[in-house]
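Pasting the structures in now, so scroll down.
Below are two complexes that have chain A in common, paired first with chain B and then with chain C.
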Partner chain A sequence: MKKNKLLSMIIAMMLAASMLVGCSGTAAEEPADADAAETSEEDAGEEESADGEETAEAAEGDPILIGVSASITGSAPTNGMRTEQGAQMAVDEINAAGGVLGRPLELYVADDGGVQDTGINATNLIASQGVVAQVGPTLSGLALAVEGLVAEAEYPVLVGATSPKLVTTMDNPWVFRVRASDTIQAQLAATYATENLGCSKIGIFTNSNDYGSGARTVIEEFLTEKGIEFVTESHNTGDTDMTGQVLRLIDAGVDCVIVWTDDAETALAARQFYDLGLDVPVIGSTSISTPQVNELCQPEWLDNWYSCTDFTTSNDSEIVQTFVQNFNEKYGEDPELYAVTYYSAVYLLKDAIERAGSVDSAAIRDALAETDGLEVPIGTYRANDMREMIHGGTICKMVDGKAEFLEYVLVED
Partner chain B sequence: MKRIANRQYLWIGAIFVVLALVPLFIDNNYYITILNQMVINMIVVFGLNFITGLTGQMNLGTAGIYAIGAYTSALLSKNFGISPWLTMMAAICAGFLLGRGLGYPSLKMKGVYLSLTTLAFTEIVRIFATNLIDITGGTQGINDIPRFAVGPVMLDTNTKYFYFILVVAVLVCLLSIRIVYSKWGREFRAVRDNADAIESLGLDIKKIKIRAFTLAAMYGTLGGALYAHFNSYITSLSFTTDLSINYVIILMVGGIGSILGNMVGAVVVTLLPELLRFLGDYYQITYCILVLISALFLPNGLVSIYGKITGLLNKGSSAEGGE
Partner chain C sequence: MGSIIVQLIISGIAMGFIYALVGIEYTLIWNASGVLNFSHDKLITLGAYIFGGTYIVGMQLGFVEGILLSIVTVAVIGIIIAKVIFIPLRNLTMIYTIMATVMLGKIIVEAIRLYWGPVPFSVPGFLVGTVKINNIVISIANIVIIIAAAICVCALQLFLYKTKPGKAMRCVAQNRNASQIMGIDVKTVMIITIIISMVICCLIGILVSPLLNISTTMSNMIGLKGFAAGVIGGFGYLPGAIVGGLVIGIVENLASMVFPAVYKDIAAFVLLVAFLLVRPKGITGKTR
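On to the complex of A and B.
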């Protein structure tokens, strides 16, 4: 009996010891991982610099570490992959051109899994690596979940989240938004309908969920302020028939419709507008320009459709075309929203660090808040009081069922 | 039997002591956050152990129960400024009502039908939480959920909060042990082992099942409330069926029906995704394979390894006549 007790005690002690060792073991492991990443990146950097030795010197010295929170696993792993690719491409370009303040940039990528707990752990992990700033996460829920952590860790975070709640319910000086919020997108649609298309009676057709109703409030406010007549109709997620609402819009004699809803409902609206003969310009949310939605539609349904979106590769401006071409060369595929968002975000950080003249997180934060007119592929960054960087969006016209770049429109804020 | 129980207590105590010691050596928010998640999972699984572990009724409603605890405490404390102590009590009461209310209709069912009912319950809670935007904030959730104070000590850091929930976990663990080795615990096991025999003794199976379910719901809502105040932010996106399944995995990996197993399961399953981070894209498949292996080769969970090892050791010592 006594012997057994002693044995159990020894085993318990061993367990205790092994757990502690286990913990510190992983702690030691991660920097080692980072080191491995560093050497491989340095190798890559050296190779590139060998190519362009005459033009630029590769950066040397201690790397500046930037955290990336990307959804590499989970329900949307492609988004995470593109996030990483976009950020990595920017880092490689910057390092090949001499780095920032003479030092190379380096990424520390952590998988946020697209879910809250993993996302919190990812940001904590990034914070514990001693980064100067972080890009990501993209999901609004994750951004809201980690904002407290970064306020404690005190380094700036550039999020691609678009929920209006990030602006309305929090005041965190460390969180910057590098994509147009849902409100800006909705404002963009209303601006384009009234100013560019010159419409005078607008139908607003929205989903009753928070995405649709949030946009509806913004559009209504905008139109009321401008004194433009409008009628509103709504539908629910999963509706399979919109005949009643469409007929009421026709009866009201609208000369333009703004449709703000999710993917499947957008495709259904397109079909029923066409079938029931609602033949006016239609401005839709970003979903209509995505391949998964416009492939559900016959091209003729979309004849008079426009789409508000963050980014399109068909934008013919030089900066976008160069980016698209370089991305294609590096990864063999066209970039999409996540790639361009975080590619641009890394350039924003570079710009801010250079203007701050140091890698002190508070100085970078202040420099970020003073950003004014930085041209990047996703648009022009200018910080407002709410730390939002983007104040416009791309309008695409649907041509043969595909979204084609029409123009970049700025909104007032 | 008694000796096994004694040895189990020693291990349980050892795990708690080790957990309590970890923050003394590691002052890193990343690890402290994982510890918090680990202990919260432990509390929830102690509850799930009553219904799924001991009574043998598959319950996939844990995420719904957890969500109700989280929302109850978060909404009451944020919107009405009520002390989180009271709102946590309210969450536990909600768990009690839920256990009773959901127990009566659903526990008439057996096997796969019970699983489906509880699964549906989780989905209903999630859909309500997603769509009652004015109350729950929908998918954008509720932020600024207050942390609370124990007497003069404000639990403002994750380390302080960790020690608080560790104390809660020790208390609910003691309560669990007390229940497991009481008449209730024996009844729970009897339902799992031989339901017909129980009825022949004049006991009401339904009542026993509802009792187990109510206990699970109360532990679950407590865990949910602790989670809400820990993260200060909750969103309906978190409370999916995946979460319910994760708790069943904890139960299974650790050892179904054993309190020590629950603790080991919570430690391993919470740590595993973080330890496997270096695998990147391959993390999920590796994780699934590990869980599958544990289900195939250790159907009684990781705690059964301990039994096997001590079994071997005892073989040696029994030769000396030590047993």
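On to the complex of A and C.
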């Protein structure tokens, strides 16, 4: 009986010990949490200063209100936090430098929760505040859900949504896209494979969902036009074993593979390509260069992998490095895609308001549509007929499991 | 072409053994308590998180210590689950216990999300690498899965047929009331069964972690196919689960040679429906 007691005590202690120890998941979250706390403190401070002394020094007059739809809660709260940080940083910089048309900018942030219904509420809330323009939402589903609202409210919206549907299924003069669409990214991958890497037989390995199959169509069209041979394989979200597909790619003798899929599947593909000896250059979607995928992979799996992405902190151009440094000083962390997207978007608005010479929404919209060659950290903004601002992307090469900037490539559209 | 088929069969056998193990842990609880455990796939995920998240990535232990400690931990959790859910609910209508296990699965997943965080991760250096024979490449993970699963199945057979607790488990499986009258402590047998089932779940989680990465949804498909393995082999009969698992593993891999690979999963479920319609007793024709 005593022995039993002793044993159960040991087991209980072991269990308790195991509960006390976290893992990479929690560890990764902690700094984010700490950061969120910091931000909210800082936000509070900024609000005060916006009403108070700093404004008086830098810019005078009524503030110009800009709405921000960010996914602060929901499945990807980090994205919302970065959206807010990026936009806020741009606003602070602009105000410190004298504001726009002599007036300070002010943000009105609403939480879209990353889902359609909350997103619609958020945009309604923003519209009721009398904003001159809105940045966000980022998710394509949300952008499609709110486009009708902003057409009614009649103010311009700069979205970071990348689905080709934003161009193909609607024609809304108020919606501008401030990130490269998936079409451009996919085209970039195909261009880089054929022109820079000189590949002649390309394997296309995509997810069967909207994201993957959309890119597949673009790549197939591009390769057919160029007369380059290709084979296509696909997989489902949540697939665990890609042996069949990988073996067929090897069997077809491809000299390059373009992989277009989500985070978990990208990591799985990297592992299985490596294990099964598919030893050719691989070009993939932006997933590959994200830290969360890098952490799932051993560095050697990603040898000879390239990534098409919007932004990388390893880009050594001056404008990006200054941005990265300033962001680091302000928030103590490297910026990522969301931060840079909305930082750039606020600067785009500033530029448009200055060129329009007024805060009238229609005038701002017309000025936005005439944007030509505004340099921002995410690239060069130039509006086309479809109100898309970005026409190129960054190619990164994976070195020791980390993304390293290779070059910025423009795509004809 | 020949080498591709061999390679597909080998990875099919490895996945087949995983499905077989799932079928076995599922069947064990069904036999012992008459409860269909719908939280079993979540228990697999939990095993992977305890091993990868806590012992390896968190505490930086060696793989062997990590595996042993994980097994001990899940065994303790098994005792708790048995005492809280399976034993009190054993005499109720099936629907209550099924609902309880479904909810247990939800609780486990949300607890995992809260405790370990929502970001998937992998166990660095665990079962990586490949072996090359001629032009056939076999990953070490697959070899280890096949060996470990085979050992596990043999050990379980020995336990069930050569030891007293094992025989008691078989008695309870055959007739719970009669065994109780014959002096077998049904509650203890149930606890033992659930512990064994939990340990198998944990082993499955550990074995698949190099293949799948550790995430809250890692075992959804394995769970379903393990159930299909049980039905195809003959529900409630352990060797049947092994036969069923291997059949599914190999058939679905070979199907990807003929059909586009996205339809691979469908092969397993078409097989399941076909067996339910044509031969509900399964390949082995035995149910217990």
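Everything that follows uses one rule, which is that the second predicted complex is superposed on the first by the 356 of 413 C-alpha atoms of A that agree within 3 Å, B and C clash if a C-alpha of one lies under 4 Å from a C-alpha of the other, contacts with A are read in each partner's own complex, and residues count from 1 in each chain.
Methods note: a residue touches a chain if its C-beta (ideal position, glycine included) is under 8 Å from a C-beta of that chain, and two chains touch if they have at least 3 such contacts.
Note that the coordinates shown come from a computational prediction; the quantities given were computed from them, not determined experimentally.
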Which superposed partner A:276 touches (first chain B, second chain C, both, neither): second
Touching partner for A:153 - first (chain B), second (chain C), both, neither: first
First, second, both or neither for A:165, with chain B first and chain C second: first
First (chain B), second (chain C), both or neither touched by A:210: first
Contacts of A:268 with chain B and chain C, given as first, second, both or neither: second
Touched partner set for A:116, first chain B, second chain C, both or neither: first
Doubly contacted residues of chain A, that is, touched by chain B and again by chain C: 12, 15, 23-24, 26, 29
Sites on chain A touched by chain C in the complex: 11-12, 14-15, 18, 21-26, 28-29, 75, 208, 233-236, 238-245, 247-248, 251, 263-264, 267-268, 275-277, 292, 295-298
Chain A contact footprint on chain B (complex, rising order): 7, 10-11, 14-15, 17-18, 21-22, 25-26, 28-31, 33-34, 37, 131, 133, 137-141, 143-144, 231-233, 235, 237-238, 273-275, 277-278, 280-281, 283-284, 313, 317, 322
Residue ranges of chain A touching chain B (in the complex, touch as defined): 3-5, 7-9, 12, 15-16, 19-20, 23-24, 26-27, 29-30, 33, 72-73, 77, 110-111, 113, 115-118, 120-121, 124-125, 127-128, 140-141, 144-145, 147-149, 152-153, 163, 165, 169-170, 209-210
List of chain C residues in touch with chain A within their complex: 1, 4, 7-8, 11, 15, 49-50, 52-55, 57-59, 69, 72-73, 76, 115-122, 124-125, 128-130, 132, 137, 139, 208, 211-213, 215, 217, 220-222, 253, 256-257, 260-262, 264-265
